[in-house]
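Letters A, B and C name the chains as they come in the text, with residue numbers starting at 1 for each one.
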Amino acid sequence: MIASVDLIEVVLALCLVTAALFCLFDRHLLRACSFFVAFTLCMALAWLTLAAPWLALMEGIIGALLTTPCFFYALGVFTPASEKLPSHDHFKEPLSRGVMRTLLALAWCLMVGAVVRFIFPAMVYSPTEHPLLLAGVVMVAAAMGAFAWHRHLVRRLLAFNVLGSGVFLLLAGLAGTDPQGQALITTALVVAWLGSLLGALVIRRLYRLEGENALLGSRGLKETRQ
Amino acid sequence: MNWRFGLTGSTFDPLMTSHWALAAALLLPLVFGALAAIFPPRRMWPVALACAVILTAGIFLLIDTRQAGVLRWQWEFSGIGVALRLNGVSMLLLLLTQWLGAAAALYTPGLLRISDPERFARWLWPLMGAVISALSLAWVATDLLTLYIALETMGLAAVAMLLLSGQADALLAGMRYLLLTLVGSLAYLLGVALILGYWGRLDLAGLAEVVEPGPVAWVAAALMGAGLALKAALFPLHAWLSPVHSSAWTPVSALHAGLVVKASLFVLLELWSILLFETFWAPRVIAWMGMLAVVWGGLIAWRAESLKTLVASSTVAQLGYLMVVFPLLLGPDISPLARALAWDGFWLQLMGHALAKAAMFMAAGNLILATGEKTLEGLAGTSRRLPLSLLVFGVASVTLMGLPPSAGFTAKWLLLQSMVISGQWWAVAALLVGTLLTAAYIFRFFRYSFMETAPRHRYQPLAPGMDVIALGLALAAFALGLLAHFPLDLLHGGSA
Amino acid sequence: MNAAWLPLTALAASLLAAVIIFSLPEEARRVRTSVNLTAAVIKISLVALMVKRITNGDEAVFSFQVVGNIDFVLRADALGVMFAGLSSVLWLCTTVYAIGYLEGTANRKRFFGFFSLCVASTLGIALAGNLFTFLIFYEMLTLSTYPLVVHSGTDKALNAGRIYLRYTLTAGVVLLFGVVLLYSLTGDHSFASERGLGDYLDDHRVLLTLIFALLVGGFAVKAAMVPLHGWLPRAMVAPAPVSALLHAVAVVKAGAFGILRIIYDLYGIELSVELGVTTALAVASCITIIYGSMRAIAQQELKPRLAFSTISQVSYVILGVSLFGPFGTIGALAHLLHQGLMKVTLFFCAGIYAEELGIHRIDEMDGAGKRMPLTSLAFTIGAFGMIGLPPVAGFITKWYLGIGAIQADMYWVVAVLVASSTLNAIYFLPIVHRLWFRVGPAHGHGHWPDEQRLGRLETHGWLLWPAVFTAAISLAAGLFAGLPFSPLDWATRVAVGEYLP
């Protein structure tokens, strides 16, 4: 019985990580967003395995039904073809900046690592027994990396959502899925959805006002205006 | 330290009126905001009516708090505890929020009437209501979950409010802020997870009893601190502040710079007073950052070309004053007298700055609205043509400079005294240099405004009351200097 | 019986005047003028009432708690009322003069509003009962004079304003630091308390000296002591009534008065001597006296010459303070009043010459005595007073200062006094000579730079009468110095209070 749970968890964890990586590093934006749907469904299953059906429901509703449409809206899927965002993000960060940002991201990961390290004996679900938590750590690291390397706003918003999910998994591992933990995660899910909604609205408006380059941050905006 | 935040100490059962007053204070802004989205008010009187109800609730709470010292509420819903408290500090901040919120709300109809009505204008009301409700909740909440909800609601509503004006630069800056604040809140969440996992509880009063210093407390404090510092625009995480404000609507700026950034700071102090009390390094690092903030913010404001950038950058410097006080409030080996002085000075500075900054944003908004010019040079010669707006700006800036008899001065006096007693000479230097830098950038603007050679513009007349509201706020900040006894009395009385 | 309302009402008279003036429209010239004059007259009568109460030995203290251990205190004591009297009398004169001077120019509402605020601040400084209150009004004075200095809005005025702020605000910060240090050491220390800071001498000698240096350093900027005087000559771009008020009573005197308060009412004269700070102060003031006079000689324009003369003259007050002994004190206090009266006369006259005849340079003044006899007579009285010729008031102070120096065994001070009087004569007598004995446009040779016919008399009456009035008082203060309530009599009363508690 235990072995079977483990096997399911291992498969789930692998699915989660794969979906997360595709979602983060695919330059085709529409495909990346589609992977996000798969990712949220995996997350919902993960909550089920961690014995939190309520969270699984919330993840399904908020993640798959509410957050993903925000991304598709931002990409302009529901609008006429002329207002669609370009399907690929071709931007490449200069190496020096990339290294600096990676270092910052690493610092953040180190802090997370320290958390896991210090709290190790007290964790409700130990990472050695629960590969899902390891998947959470990998997701956090990958999302931080993506955050550091990408400037396209849609991809950053995606990275934030993946990062959030990784943090929720860690939270569940640290604190367990008692009512208080579930309440925290539910709130965080709602916040993530609202943030994504707001972000999607801003992305649409920015694209309409200033065009493609504006989505690459303030330097992109300057390039557009020159 | 915890007794200062009303986490421990004797309690009384709140009266029936207190329950209703609390519910009104927390919920009515939201309700009225939603109503105003459906029926946008065109005149001042419906807004005034709504504000009056909320302010009355505040007065009721004030009376009860004065009698009881600390009011406390606790509920439990299926294993999730919610704890609220109302003591001197939170009462003071609640009142500040209500009055400042009322001023911003009263200012809005006039603004919307004379500036061309935007598509999104009606959304301003519910967002403003949400911000005020969330702020009120942040002051009174004493468990990490409620605090999290309050902070996130406030943060998201504030971003949305700042983005309403819809200029590309502001959108970009706002988007950056949004992403950063969301990541910041994840850091906060991890910190909470750590606390929940290790100590198994989220209520601050309980945590204050069980927390002992150690790596867990430090890491949790660092994670939460990083997240909150980002939201509070503490140096060096301030870069998003001035671009966001440069095109935001005036009442939004006033609320945001006056209160929203302060809420994160308040929560930061409250949490650290539990997790990091009497540690040496953490508050010290904040204080060093604060010194840099005072200098850097001052220099940025000094170089600023547009008036709004000047006002927004000065917020960075003014928050620096508050950061410099951290070692006095949290550090080890501080005498009780010095700590009490620093405590008083901290809140007085916070209140003075909130009022003065709101007044200043309104005055700046009035000047810009009336002239149509955003730059300092464009505003040359305003002393002759718009004396009242300029006077408001002047009165508010006296508080920011910390010159007597304003609240800024009395606060600075208390802080200086505390720093001298505990021998923190670097902090003294930061405060004094900050005064000079503030004067430098403020009078740079006044220099332009006194020019007589400037060309004459055609002026857009302001709606009645716009200047008067700003003047009221500025005078309140001014009068708080000599009448500081009353708020500080409440501050002490509530925590006794 | 305590009359708390008295100092408060006196302060409110000017403050309310400022508020009313700000709320009136720019065009309401008549109402503004009457508000101004009424407030000034009310204030003079209130100060007179204070004088009466003090002679009867009654108290007039207003105080309330600001925070914890700090009070806001207004107290009418003999020294304070002396300064308050000067401020209120000169406010009336200067207001009358300013109304005439600014006739028909722009921004008069702003000018008179800040003018009233400025005077309110000086009154607050005079009546402040502790250092905290003093600091409040001292900084208020800085802020309210800035708009007056930059009133004309020209580049030159704006630059002068910037330099003025640079000096005074830095000084304000230094002062604030000193005051906070002192409060941290001793707690709230009323000016009225009999005990000085002597209790702290044994343990905190260095700290006390440091605090003294910070406080006096902060005040010395406004008192324009060398080398902190740089703002004063530049601030000459302000309109003549502002210069007159700045030099005679408001800014410069506020600094000197601050030093008086520190030495007499805070540290106590014995402690100051014990710390050795008075000698340093005496040397600094002597340097200022000589330096100011030398620079005044080099000036070719009238107002800068008067400005440098102020730098030199105000330091007489500080010199008198730093001489240990009642005569030095009497000299210092009397000079505080006398110099104010005489200097305000001189600036009034300089303003009249500039307005009526367009005279700015000294070599344009030839024969102006024939064209404007009353103005020139007033100017001559002021100049003689400055030199210290009897029977004008200036003579009395120099005499007392000399006696004070001899009593304190500081004979070099007498040499400085003699040297300074000679220098004063060198830069004032040529002007007087030009006024009366040189042949100029009034005798048909050449013409005035820019002649206006402002009034039926030699100039506008609102300009002329204040100058004549203040000249008359300076003469009377010298002639009737022995009568009760003369400046000398009141100064003696204060000095006796200091030395014979």
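Assume a contact is a pair of C-beta atoms (placed from the backbone, for glycine too) under 8 Å apart; a residue touches a chain by one contact, two chains touch by 3 or more.
Keep in mind that what you see is a predicted model, and the values were worked out from it rather than measured.
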Closest chain to the centre of mass proxy, which here is the mean CA position: B
Chain whose average C-alpha position is farthest from subunit A's own: C
Averaged-CA centre spacing for the pair subunit C and subunit B, given as whole angstrom: 43
Centre distance in Å when subunit A and subunit B are each reduced to the mean of their C-alpha atoms: 31
Between subunit A and subunit C, centroid-to-centroid distance (C-alpha), Å: 71
Residue ranges of subunit A touching subunit B (in the complex, touch as defined): 108, 111-112, 114-115, 118-119, 122-124, 147, 153, 156-157, 160, 163-164, 167, 170-171, 174-176, 178-181, 183-184, 187-188, 191-192, 194-195, 198-199, 202-203, 205-206, 209-210, 214, 217-218, 221
Contacting residues of subunit B [partner subunit A, same complex]: 78-81, 145, 148-149, 152, 156, 159-160, 163, 166, 168-169, 171-176, 178-179, 182-183, 185-187, 189-190, 192-194, 196-198, 202, 215-216, 219, 222-223
Touching residues on subunit C, where the partner in the complex is subunit B: 22, 64-68, 70, 72, 106-107, 109-110, 132, 135-137, 139-140, 142-143, 146-147, 150, 152-154, 158, 161-162, 165, 169-170, 172-173, 176-177, 180-181, 183-184
Subunit C-facing residues of subunit B, complex: 341, 344, 381, 383-384, 387, 391, 398, 403-405, 409-410, 412-414, 416-417, 420-421, 428, 432, 435-436, 439, 443, 446-447, 450-453, 481-482, 484-485, 488
